[in-house]
Amino acid sequence: MSLTKTDIRNLILAAAALAICALLPLGDNGYWLGLGVTIAMFTTLATSWALFSGPTHYISLATAAFFGVGTYVTGLGIDALPFWSLVAIAGLIGAVLAALVGLATLRLSGVYFVIFTLGLAELVRQSITWVQNNTGQKGLYVLTDLDEAGIYWWLLGLAAAVFLTGWLIGRSRLGFALRVIGDDETVAAHSGINTARAKVLLFMLPGAVAAMTGAILAPRYVYIEPSLAFAPILSFQVVIMALLGGASRLWGPLVGVIPFTFLLEAVSSNFPNQTTLVIGIAFLVIVYLLPGGFVGLLGKILHRLNAREGA
Amino acid sequence: MNRRPFLKLVSALTIATALAATAASAETIRIGAVAPKTGPLAGGATVTQWPSIQLWVNQVNAAGGLTVDGEKMMIELIEYDDQTNPGETIKAVQRLATQDDANFIIAPYGTGLNLAAAPLFDRYGYPQIAVSAITDQQADLAAKFSNMFFTLGTTTALAADVVKVLSGMRDAGQMGNKVAMVNVADAFGIELATAAKPLFEEAGFDIVYETSYPLGTQDLSPVIKGAAAAAPDAFVAWSYPPDTFGLTEQAMIENLDVKAFYTAVATPFPSYGTRFGAAAEGILGAGGVNPASPAFMEYAAAHEAVTGAKPDYWASATTYASLEILGQAIEAVGLDRAAVSAHLKESTFETILGPISFDENNSNAAFWTVGQWQGGVFKGVASRGRDGTVPVILKDGWE
Amino acid sequence: MVNPVLSLRGVTKRFGGLVAVNAMDFDVAEREVVGLLGPNGSGKSTTLNLVSGALPLTSGTVSLWGSPISGLPAQTINRKGVSRTFQLVRLLPSMNVRENVIAGAVFGHRRRWGHDAHDHAEHLLDKVGLGGKGDMPLRQLTYIDTKRVELARTLASDPKVLLLDEWLAGLNPTELQIGITLIKSLRDEGRTIILVEHVMDAIRSLCDRCVVMAAGTKIAEGTPTQVLSDKEVIRAYLGDDDA
Amino acid sequence: MDILVTGILLGGTYALIAMGLNLQYGVARIMNLANGEILVAGGYFAFIAYTATQLSPILTIFLVAPLAFALNSLIYRVMLQPLVNRAKSRGQLESDSILATFGLSFIGVGLMLSFFGGDYFSYSFMAVPVEVLGNTYGANRVLSFVMAVLICGALYLWLNRSRAGLSIRAIGTTPASARLVGIDVKALSAFTFALGGAVTAVGGALISTYLTLDASTGVVFTLKALIIVIMGGVGDVRGTIVAALLLGILETLVATLLDPGLTLAAAYVMFLGILLFRPQGLFGKKPT
């Protein structure tokens, strides 16, 4: 594999952007850092989501399930193991869980996948609470010295890893296979692509990343409760942010996450009593006015410009 | 679809921001509040948290405000909905602390959300007088977050006093020693069940039926039937609001024959009494108050007058008391948050619940633990250091 | 036949109560071009789908060089050297012409990646007559060009057996001649080919042997001249009007 | 026996929850994530009618049904028809409608909050025991089961015996061919969507007699309904009924014999099992 000049330039630019982002906690340690954590968290989740769902068109609503598993890994292990190993374990468990779910459901058509993944968070949550209940486990408190800046840097590192992985996958046979599958699964199979394996492999990525994100954020929540750790709303937020940006490009979700986070922030600070209502309206505006996300919008504008130049 | 709704939204946003900016004048005390208005805990917060906040702010401002350094200052309340999402709670507290420059922030609602906010209250030095955060970790938490205070009691106390009340009934020969114990499979229910089980066994009770059910179970009749089959003398459920209602209705339908029937959260809600009417008579539940005390009666009347709803018979009054404490501390030492925290640790405050002070673990040692519906009112039958407990009565059928 | 490349034994496919393919038996020798003929709905395309792995068999076996491939998934059969086109052209709409061809080269019988795959695709595009059109988006292609892209993709994995499902249908006379020449050149490279075809000119000039199906069953087998004069075959095509 | 009856009663509840969605998803092809909010709204209506005027929920449903029908008809025409028109494929309509109805469900929760507040609403209606086969059950549950039987039976007869029903089933099977034989797909899709909404709201009104609801609980019901519809086979009334009953019986079995904590896990295992072995659902037709 060789890098072209553009590749090298892009990598340097990305590294520079990452370095600038990493400086945020030095500038502001409060409100903006808090927003930074939110943005980093959703960027990580939405980008990894789009790596799978973008090419395959499967809408996964399993983010909350993996995320919750991750918070539980930290919650259960924080007194026994170092934090970094918990993040790694969470990633591993997330990947294995995703592989199992993928093996069971990815052969099915899209809508069954949507519903099964939506139920998955509830299923995992019930199973965990049942085990907790039957082992007499007390509430989980995650009391660490990891502060907001530390969590931010962890998330930023994970986000960088996701982007790098996504970039590498895009250049790999796996990435190419997924584009073929997304276009026409029959052709893919008849071109020698093991479609089931490719999909399961790729589904493990958002599974692992969401679990790691959960593990990283657990210290921020301090107290791990099933109903909070597995809140299904998270899955939907990730989907809408990724689609707002556009799932067809690696950087697409990022351009969805940032404006959406600020929009949510504006809504919840200005309409404390109608937050849900206004979020719902914003949702519809996106669906009706921006069907292809910002990426699609950009594509349209570029297309129009090109057409004008050609004429 | 045209673009107009979006434009409206944008202009509404602009106006709202402008208003928020002008309203923040120097003569007011800005107090922030963040709690669920939506999400799974919204039902509870709407009964217990928000109305008491509304009432307190209303009353203080009607009296001309809080007296700070000899000057009357009105309260400006800034409310946020955290959607029962700890991430949102964190964002809202941060916003209150850094963007809104809130002088004080009222503690959030629920154990999880209070603890998610605790590191921020700690970092910005806000006193956090938590109400609906029931935990046995008070000592550890207070050690880590020195400005965090606890008012509503501990998990173990809540469970221990149920055991104590039931032991009393048994020792008086009113019932046998067979207990059916169930719990909702969520953090709160699991913690209470785990704490209660050894206590029941120590007290010589025989746990004849024990199970848990998931949050949001739609049909609880298998639970009640299972319990009935074990023929217990007492039924104890560490339950949450929807299942508290569901279990009670099923017990009524099954005519569950027990001498003591206990459900936890939401039993003291006024809507519980309205719904079950006479059948509620003798039902035990978590919490309680002294409804005969003039202070509570006055509070309940004002609550209904201002918010249009009755307070519950447990955490509502404690929430209000926590605000009284905050107000008194501000009046005593001013707007300096560190001074307020210090004052909270060393003083005793007169509240509608009676005097409240915090011990070395920042915990209020005097709180209600068990109450019972008697004559259409939920009365405290057991407490730690509170006056006005009434004797417990037997559950005598469901008619 | 000694050492057939592909052999079908008792191959049967049922859809519920309908028997689409009924106990098909035939062999294909190396470098042979076999035509699969029959009226519409006689089960030709279904047979092809059973060979390529697009559909599972109800019973019977398909063997490739003596080892059974029936029951294997399509991708495994493709990797063993069997490659196909589709009755209705199937291309990958989000990719340009070259990428469409590369898609056939990366995962199949002989795998290529990177520059190797790129160069191979260019070579194949030249071969099918699309030289220099690699960067074109699909929507700018004519109908025959889409067929050419599909054929190039099918060839990209260097398959031993080619299954062409009505690849010559819908072409005008000039294009047809080009197509026939192209398929001949493929046989001359040493590939074994099964054609599902209706175009009689193509069948006569291309096929070494023909298998004729009617209502899911094989009714005749032989050289094109033999089968096209077979009474059974004529009745199947023209109907039973003299009975 | 007791388990069976309890399970069947619970199954009746589930049928009420899922039947409306089945119509909406099976025919109008809209996976309506706002289904639960319509259900809760129906419950609110019954609650208000009962507490304010003592109007029995059995009568309330005759008010709820036309109101919900009109509301859902409006929703379909204003919000969903454009999506149907612009969708290039089934998949695109699916993801568009998931997102749009998810937004709608937020708006539904928001509206209910601002009108009614976030408090739990529960009232006691017919919470008296009735004896069935030697065991006691809540009269309100039995009543809602009877209503479920009536509603499902009426829907089944109507879909299978009437001309309009036949057309609707034709759209559910193959929308493109239905258009060819002169069926007004647009109008009937809108009608079925609205009908589905009305059935859901009536279900909500009946369920509110024994379940405690609040403005934010809708999503719980949406999820259950989706699972039942998929298990039963999209667009098949019998499938939904059978799946609802199976789920009710299974949950009661597990709750009684094993552990109530495992009911949900058992439900998902059953869901997954059906998906793996009969991906088209219990009564669904295999796509050809």
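All chains are identified by letter, namely A, B, C and D, in their written order; residue positions are counted from 1 within each chain.
The rule we apply is simple: a residue touches a chain if its C-beta (ideal position, glycine included) is under 8 Å from a C-beta of that chain, and two chains touch if they have at least 3 such contacts.
Every value quoted in this text rests on a predicted model; they were computed, and no experiment measured them.
Within the contact network of the assembly, the step distance from chain B to chain C comes to 2. Greatest centre-to-centre distance from chain A is found for C, with centres as Cα means. Inter-chain centre distance (chain B to chain D, centres taken as mean C-alpha positions): 35 Å.
Distance between chain centres (mean CA atoms), chain A to chain D: 31 Å. The distance from the centre of chain C to the centre of chain D, each centre being the mean of the chain's C-alpha atoms, comes to 48 Å. Computed from the mean C-alpha positions, the centre of chain A lies at a distance of 43 Å from the centre of chain C. Chain contacts: chain A has residues 126, 129-130, 133, 273, 275-276, 278, 281-282, 288 touching two or more partner chains.
Residue positions of chain C touching 2 or more other chains: there are none.
Looking at chain B, residues 1, 37-40, 185, 212, 214 sit in touch with two or more other chains.
Chain-to-chain contact here is organised irregularly, matching neither a line nor a ring nor a star, and falling short of all pairs touching. Taken together, the chains touch in the following pairs: A-B, A-C, A-D, B-D. Remark: chain A residues 1, 173, 176-177, 179-180, 182-184, 186-195 touch chain C in the complex.
Every residue of chain C that touches chain A in the complex is listed here, in rising order: 52-54, 73-75, 78-79, 83-84, 86, 90-95, 102-104, 106-109, 111, 113-114, 153, 157.
Against chain D, in their complex, chain A makes its touches with residues 57, 59, 104-105, 108-112, 114-116, 118-120, 122-123, 126-127, 129-130, 133-134, 232, 236, 239-240, 243, 273-284, 286-288, 291. Of all residues in chain B, those touching chain D in their complex are 1, 36-40, 42-43, 45-47, 182, 185, 211-214, 216-223, 225-226, 241-242, 245-246, 249-250, 252-255, 266, 269, 271, 274-277, 309.
For chain D in complex with chain B, the touching residues are 2-3, 6, 9-10, 13, 82, 109-110, 113, 117-124, 127-129, 136-139, 210-217, 220, 224, 248, 251-252, 255-256, 259-261, 263-264.
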